[in-house]
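Just so it is clear, A, B and C label the chains in written order, and each chain counts residues from 1 on its own.
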Amino acid sequence: MITVSGVTKVYGDTRVLGPIDLELPAGGITALVGPNGAGKSTLLTIMGRLIAPTAGRVTIAGRDVATTPGRELAKLLSILRQENHFITRLTVRDLVGFGRFPHSRGRLTAADHEQIDRAIAFLKLEEITDRYLDQLSGGQRQRAYVAMVLAQDTEYILLDEPLNNLDIRHAVSMMTQLRTAADELGKTIVIVVHDLNFAAAYADRIVVLNQGQVAHVGTPTEIMCPEVLTGVFETPFRITNHDGYPLAVYYR
Amino acid sequence: MHETVTKAPPAPVRPMAAARRPRLWPRFVILTVLAVAAAVLVLTWDIGPAPGTRGFWLIVNMRVVSVATIVIVAACQAVATVLFHTATSNRILTPSIMGFDALYVVMQTGLVFFFGADTLSRTDGLPKVVLQSLLMVGFATALYTWLFAGRRGDLHVMLLIGVVFGIGFGALSTFMQRLLTPSEFDILSARLFGNLSNSHKEYLPWAGLVVIVVLALVWQRRHRLDVLALGRETATNLGLHFKREIIVLLILTAVLISISTTLVGPMTFFGFIIATLSYQLVGSSRHWHVLPFAFLLGVVTLLGGYFVLRHVFYAAGLLSVIIEFAGGLFFLIYLLRKGSL
Amino acid sequence: MTATTTRPPSGSRTRASHRFALPVAIAVVAGLMVLSLFVGAYDITEKEFGTEMFFISRVPRTVALVLAGCAMSVSGLIMQMLTRNRFVEPTTTGTTEWAALGLLLTVLIAPGANIATKMVTASLAAFVGTMIFLAILRRVALRSSLVVPLIGIMLGAVVSAFTTYLAVSTNLLQMLGTWFMGSFTGVVRGRYEILWLVAVIVALAYVAADRFTIAGLGEEVATSVGVRYHLVVFFGTSLVALATGVTTVVVGMLPFLGLVVPNVVSLARGDNLRSNLPWVCVGGVGLTVTCDIIGRVVRMPFEVPIAMVLGLVGAVVFIFLLLRQRRDA
């Protein structure tokens, strides 16, 4: 379970987030949605201890992310944000291999290699596993990063806009795989997404943020209503039901 | 760059990643052989007395000091530069821009300015060397903790401020230097360029010991260095305390550079050449490949350069000036050709 | 984490209330200039040759202060506009080091060259150096605007290494240090007139100001607005190179001037180059004259070279600006 208590983030004179009080039960996929500037990425980043909140705390499985030693936390929680640029040249396999660092500190065992292979297969990266990252497209790199996070094999996975660079096929594939990870491996996954329909189709619960506050929390059925969404996104919404999950239409 | 076509034939089943490693061994072997050969050459070339006589060994012993100095300096500069590149995620900078060189220069100039030119040689000895190194490392550590360790620490701000201090020290030095007599200035400037004859036997063992300890610490952290190179967020995600690791890394760099500078004076671009060549030639980006390779390459280059300059051109004193000159040119060309950092 | 270089014009305080600000500033600086005319080890009111000293030394010195102060501040401003980076100026991009190299080469190859020749070669070298810097900037993918001055300073260090090597092998190293430390002590009638070129440079900069700002937005934006990007960059670089060359030859290196003045002005007034230009000139002159007076007074009758005072003041202000940026980040 992820508990967010009284988390606020202030930059200079501007409060961008908070106060947020939220409890996300273990297991399943939670989607953070909201308009630009709502604070979704900020909240996720604070949950993943990459930035410190101005006030409040976050506990994951009972551990305070601010005070738990990094090495221990890295085996419990993994977070992936937007792409990093770095100076070393790495192959896909190298990168995914780093996901095992919290466990093996750099000395890869046979078990580690198994995990790496599994993560690569899960994201369908076998064909490019020996290519250098800078030779890949944005979408391929994105998948390599997610594979690294999967290889890290943590109970809690936080992903910031993982579908950003992916084309339709790979976006669907990614969400399907995340769903499998949640269902079969028992992982708790929190993702920030822009596309409401992906959230509604795959998430167990949706948290709607607006202007730094939690506006709504609920299941896709509860959230996907014009009354809820039109106000938050300031755009007229129509909801249809498709194959058992709600679909938002707002294009024209 | 587009997606791999789904119709491409599936890749063959891969054995474990070890498949790539054997290719690196030959390079290391070659480099080690070259290093040893260079050392032997420097030690034994052009000695009057016949090999095996007492006179022969006397001269070899004297030369051991030079060779030991070169090995230590090469190790310090090469390793420190690679570490600095990892710490700053930037392969264009060198540690010396942070003001180390300038601080060293201002210390030497101050000594001559206030106490006369002979103070340089009168105070030579282990205490002075230790004090200078401590001052340089102390300065660096103060800078890092003030500017980088805190909540709002920014690496680039810290680097720039280090640079500004360097410029400030430089202005101070130049001013004092103007007021020296030409002979005082000559004595001073001999100290200010990397000069192998500056080093003295007494502090070599101490310097060697410190360097070995630092290198051991670095080696122990080699896997962590690879993770640090992935950037703050990824490194934090993988469980490292990013700022703390970077500061430790920078302090280790400071120690190495201080030792090298105290031994032979400032060398701005040597580390850069060696580090850059190493990245290209080693065939891997792992620190446990790059660091030993850089060390060996540094030793080979410096010993080789020393040998050539001493016995072919009779210009050993100019070694560091030429290295800086060549290094600077190399740096410029590298920058203009390379598309990204 | 790129720091944006543009700021909105400071608040909604109307221009009307500032209408008197510029004349007041000019008056203050004019006062400083008068002070400069009368400060010095040689007492011109009492001694015999007072009036002559006045016109041989004091007046040229003060005029040179004005011109050099303008030259370096405006150069810094132009470079900042062209690179959209607050920390760029001739001494943090290697430009002054290139000018120094050009000067040294001239002295080595043609020791009897007159001051105009030296100026030309120094400016040419500065031009080449600045173009190299800009070329590197365009090619290297930069993630932080603070890396830019770091690269520039590295470049400067490289060129310095060349220059030092040359100086060492020709035994000119100590002289080198003396020439390039910015100092107005040697400015007398007949040795500084070439600095008047700076007035032309500043005028041209004022005319082309808007184009520099647009060019700073990048090649694509500039072209789509109809500005001939490469021509404007070439022109701006030439002005900067010329200003730097002239100043280096006559006075030496003035560190941080081009950094401090434009930044302080833009802190107060935002980033409109054309309207900031007069302020930058006034600020540059004020700072230069003040530092020079301090240099003359602090250890009378000896003179501390202005580069030292500027170096100290500039370093403090630079560090303050950096810390401020960090706070706002």
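Following the convention adopted for this analysis, a contact is a pair of C-beta atoms (placed from the backbone, for glycine too) under 8 Å apart; a residue touches a chain by one contact, two chains touch by 3 or more.
Since the structure is predicted, the reported quantities are computational estimates derived from the model, not experimental observations.
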Closest chain to global C-alpha mean, per-chain Cα centroids: B
More contacts between chains, B-C or A-B: B-C
Chain separated most widely from chain A, comparing mean CA positions: C
Chain A-chain C separation of Cα centroids, rounded to whole Å: 50
Intercentroid distance (Cα basis), chain B paired with chain A, Å: 42
Averaged-CA centre spacing for the pair chain C and chain B, given as whole angstrom: 34
Contacts with two or more other chains, residues of chain C listed in rising order: 141, 143
Residues of chain A engaged with two or more neighbouring chains: 85
Per-residue multi-chain contacts in chain B, two or more chains: 90, 341
For the chain B and chain A complex, residues of the former touching the latter: 1-4, 8, 10-11, 14, 16-17, 85, 89-91, 151, 222-224, 226-227, 229-234, 236-241, 285, 341
Of all residues in chain C, those that touch chain B in their complex: 87, 91, 132, 135-136, 139-144, 146-147, 149-151, 153-155, 157-159, 161-162, 164-165, 168, 173-174, 177-178, 180-181, 255, 304-305, 307-308, 311-312, 315, 318-319, 322-323, 325-327, 329
List of chain B residues in touch with chain C within their complex: 90, 92-94, 97, 152, 154, 156-157, 159-161, 163-165, 167-168, 171-172, 174-175, 177-178, 180, 182, 185, 189, 193, 268-269, 321-322, 324-325, 327-329, 331-332, 335-336, 338-341
Contact footprint of chain B on chain A as seen in their complex: 48-50, 52, 70-75, 78-81, 84-90, 93-94, 97-99, 101-102, 105-107, 113, 126-130, 135-137, 139-140, 149, 152, 167
